[in-house]
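Each of the two complexes below includes chain A, the first together with chain B, the second together with chain C.
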Partner chain A sequence: MASRDRLGTVSAFFREHPRLRTLAIAGPPAAILVVFFALPLVAMLVVSFQTGQIGGAWTLENYRGFVGSETYLTVVWRTLLLSAQVTVIVAAIGYALAYSIVRFSRRTTLLLLLVILPFWTSYIIRMYAWINILQSGGVLDSLLGLVGLPAVGLLYTETAVLIGFTYVWLPLAVLPFYASLSSLDPDLIEASKDLGAGPIRTFVSVTLPLTATGVITGLVLVFIPTFGSFITPRLLGGTNNIMIGMVIENQFKSAFNWPFGAAIGMVISAVVVVLLVLATRLGGDLLGDGGEPS
Partner chain B sequence: MSLLRVRGLTKRFGDLLAVDDVDFDVADGEFVSILGPSGSGKSTVLRMVAGFETPTDGAIALNGEPMVGTPPFERDVNMVFQDLALFPHLTVAENIGYGLKQAGVPADEWRDRAGRMLEMVRLDGYDDRMPTELSGGEQQRVALARALVNEPALVLFDEPLSSLDRKLRQHMQSELQRLQAETETTFLYVTHDQEVALAVSDRLVVLNDGAIQQIGTVEALYEDPQSRFVADFIGDVNTVTARVTDATDETITVDVGSDRVSIPRSVADDVAIDASVDVCVRPFRIRVGPAGTKTTEQSETDGATADGGDLDRATDAEIGETFTTTGTVRSRSYQGSDSLYEIATDEWGRLTAEVRSNAYEPDERVAVAWDASDVHVFSRSADDRTGDRGDDA
Partner chain C sequence: MSGRRTISRAIERFVHSHAGQLAGIVMIAVLGFLWLPIGVLVFMSFADGGVLSFPPDQLTLRWYGVFLENEAARSAIVTTLTISVPSTIITVTLATMTAYAVDRYGFRGRGTLQLLSTLPVVVPLVVTGVALVLFLDGTLGLPDYLSVVLAHVIRTIPFATLVILPTFVRFDRGLEEASKDLGADELATFRQVTLPNVFPGVVAGGLLAFTLSFNEFVYTYFVKGSGDPTLPVYIWNQIRYNVTPEVNVISVVFLVVAVTLVLVAVSLTRVELLTKR
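And then the complex of A and B:
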């Protein structure tokens, strides 16, 4: 009884003070965001304008050094290309997978479960499994040998990194693809065919535009983490700094040039934000002026 | 030559025989409805004509050309879907012009034709609206326009009016007829709603359990149903169980309760002596009079009032040509010019009678009669096959 009375008092109090209620609800998550996300970002921004070490003099040298270096820009470019490749491959496989789960299968739940099943295993363990498969004389080479093909020894190549990324991010893309494809009315596809559009035209003018939201979500979910990744390329791609995430990691862990690492991080973040905005715009255009499909 | 020719059409889904050896034709310019209860296979027939389902067996020909195996986008057929299936990301004009665009018609021409089609369905100026901004009735019109604008040989309808309220549905029915006349297109319409089918169709194909029950004009199906199912499904019908006692070339004679009536052969199934039959009669064919009166000149008032005591009842009774009995009015419902009476008869169970008079009150005793020439007689085994009485009609 007493606790119920107290509860009544509390709710009455908040009814009379709606602003306090809003604060009580929104306050804690906002505080978490500020402390663990906004403040570190600001700290990194500050550090990126300092010389040599934390607390050094103010300078633009870190940015100038990064933007002026052809080596680094090449790495950024290669990272962009690799991320784009990963995104396209994952999107193609993921869309086909999601499409068949929706259109042709009665065991949807089971198949979706299988898609997300790898998440139950540690990422590092899965990567070591891939090392085992891809290394020269590994599982892949043995299998190739069985059918009389020469060994390839893919480990520590860009192809290995590509395979690793595709494997890791596929479920991340399949889920939003599946969500938008399963809400697509199959009658719309039939209507398109009935009106004279073949399968490819139907896909381009009905299926794809009506699932654009899910497709773009999936693309963004794959592209962004790939772009900033450093563990996968380190494990599967060897010691060469083929991706910009690895360069940043080096600055913090080996070179101990935190300001320079922070500056690269800021530039990369800016690039990602710009790409994100472009992707959202593209999504809006594909959906037309009518906005969200019902 | 008929525009659409369907022969031996059969579709199995695993063990389920959805469509069973269906034959029918649709002539150029005709409005034909496929009418049947839910699960009768009527939508499957339509989807096979559209090309969305492949027949297990049988042939479909459009203008003499075999259609089976031709994909839907290469058939000169357009469909109005049950849920309309308007593209939500395209404007009204883009929806209507979709088919023309696929056919390679230039943009200014398809926009122009979409605009004119919108005038025809009385939605002038709706070109740039989005489908979601339209009411249910307006969406129906857009869906219609989208099918008609391509000038297909045949337009298919998969119960598109079922989601509308009664008044709007009746309005759209007359719109459909007007549009069919104006565009001179052939319509094949699938529905479980006999009201819609009767109102709009030139001919009906009645389907039950995947098989055709009867094909004919609305009048033929109503006046001369070939099975108990059709009699039940097209309009309302009363059923009285009787036993055949005699059969000649001209008539059959049945015992029904204490009455013995002779019925013209023309309205009866081929039945054997001693067979149990259903005698069906439409509510508006039944006459009602005050108890003890003759409801017709030739009616057997003696038989009608004799309940129980008459031991050698039908055997010696004169064979009449009228069904007569007595009963008690259970309920009355006013239907404008007519009244519907639920009457519990003393011998034949409950009947529904539709008569001009509003004079009888509930619990009042009445005499009931109808002419033998107005009934339809079906053998009971046919009844057992057709099963339930089509309450969803």
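And then the complex of A and C:
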């Protein structure tokens, strides 16, 4: 009973001080996110300007070392190209799937579940599955052998990396594509066809432009994590397909040059920020949360 | 010119009359692509040789036995749970508070709070992972366990909020007004009226947060020192240095955990909720 009285007092107090009440409810999650998410990112920025170790003297050396190295610039370029390729492949396949589900299937819930379930299983496990499929003498080679084709042994090639990324990001792109396609008014498509446009013409001049928001969201959602990835190239790409994320991993796991790793982290962040600004300008809804617009 | 036009007409007509079949082919091909690797894993876990071969060799439960007797794998599961359970509880509490505040109150910083709780999904994992180890470990010098739990909280908050916030938004606030008109204060109203109504959404958010935390690799890999590995870190080491057939069994464990929890979560809310970002 005493505790109930105390709770009553708390309630009364907050009724009289609505701003404190808001602070008591919104404050803890805000504090956690600021201290353990925003501040670490600031710390990374600070450390990237220090020499050798945390708390070292101020320097631009980490950035100079990065920009001045042809090896690292090549890695960044390769990472950009690969991410762009992955994004285009995933967008094409993902859009075709989302479109098929929305326009031609009644079992939408089941199909969506089949798309998202693989996404919720361990990323590493999914890569491991592809190691088994792509390695020389693996599942793919055995299947090719059964139909009399020569083995390809794709593991540790760029193709393997592309397949791996396509596999993990497909669900991520299908979801925003599905969301914008399912909110598209089917009457608009019918109207276009009534006016004499064929299905392809209708798609290019009606469907695609009207789902641009979802498309842009999906593109960025695929590009960003690909650009920062190290697991897929490490497990499927071997040593010939170094991506920028692997260079960071290296700084923290074997070279132990944290400030240099932090500087590369900032380089990736810069790319991400540019993309987010660009996407938001173009009408993407990346930071939307499914709630009411504020 | 007219020849090309005829061809494009012909293509349009073909697509028009075969649209359903084309869509069917796309769905079967892409879903096959998504599920085939998972089928391969499940199959391998039962294969006697521990690898997939054609024709398939004998099926066995041997590797499941080996897995159950593997001290390292068992302790990795325990380590994972001692991190995932508390971080899920913290995440659900924080996400519910965020959802309540954002849905009910207009306040300065409301947009910022929403942005902050979504942002961890957008920032590449490796970037946040690096930032977390620099700050939690390097600057604050927090103990390993605490750092990892906090990292998991940051990783899971966006997903939990994403599921919990819409259930608050959908909830009919007339019921709360009625409760308050009948004399209940805000806290009692929350406990007796609001919470029971949004509870399925909160549980769904928690299940997804737990699934994510159970699978979490990148943050853990950066933040956690060399002590007891979590299951994803354990399996990473196995894959990189010495694959043993139990890895296949562990894959199936991951699969069962994820599929079960996500299916329960989906049954508690709507699958569409998971399609929103």
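Here, the second predicted complex is superposed on the first by the 264 of 294 C-alpha atoms of A that agree within 3 Å, B and C clash if a C-alpha of one lies under 4 Å from a C-alpha of the other, contacts with A are read in each partner's own complex, and residues count from 1 in each chain.
We take it that a residue touches a chain if its C-beta (ideal position, glycine included) is under 8 Å from a C-beta of that chain, and two chains touch if they have at least 3 such contacts.
None of these values were measured; they are calculated from a predicted model.
When the shared chain is aligned, no partner comes close enough to touch A:154: not chain B, not chain C. By the touch criterion defined above, A:184 lies against neither chain B nor chain C after alignment on the C-alpha atoms of chain A. Looking at the shared chain after the overlay, A:32 reaches chain C, while chain B stays out of its contact range. Of the two partner chains, neither chain B nor chain C is touched by A:86. Looking at the superposed arrangement, the partner reaching more residues of chain A, out of chain B and chain C, is C.
Contacts of A:198 after superposition: both chain B and chain C are touched. Residue contacts after overlaying the shared chain place A:209 against chain B, while chain C stays out of touching range. Applying the stated contact rule after C-alpha superposition, one finds that A:222 touches neither chain B nor chain C. In the superposition on chain A, A:243 makes contact with neither chain B nor chain C. The residues of chain A shared by its contacts with chain B and with chain C are 198, 201, 287-290, 294. Those residues of chain C that touch chain A in the complex are listed here as 8-9, 11-13, 15-16, 19-20, 22-24, 26-27, 30-31, 33-38, 40-41, 44, 51-54, 94-95, 97-98, 100-103, 105, 107, 109-120, 122-128, 130-136, 138-139, 150-151, 153-154, 157, 161-162, 165-166, 169, 185-188, 208, 211-212, 215, 217-218, 222, 232, 235-236, 239-240, 247, 250-251, 254-255, 258-259, 261-263, 266, 271-277. Against chain A, the residues of chain B that register as touching in their complex are 50-52, 71-74, 77-79, 81-83, 85-91, 98-99, 102-103, 130, 132, 146, 150.
Partner chain C is touched in their complex by these residues of chain A: 7-8, 10-12, 14-15, 18-19, 21-22, 25-26, 28-30, 32-34, 36-41, 43-44, 47, 54, 93, 96-97, 99-101, 103-105, 109, 111-118, 120-133, 138-139, 142-143, 145-146, 167, 170-171, 175-176, 178-179, 198-201, 217, 221, 224-225, 227-231, 234-235, 245, 248-249, 252, 258, 261-262, 265, 268-269, 272, 276, 285-292, 294. Only residues 185, 187-188, 190-198, 201, 205-206, 209-210, 287-290, 293-294 of chain A touch chain B when the two sit together in their complex.
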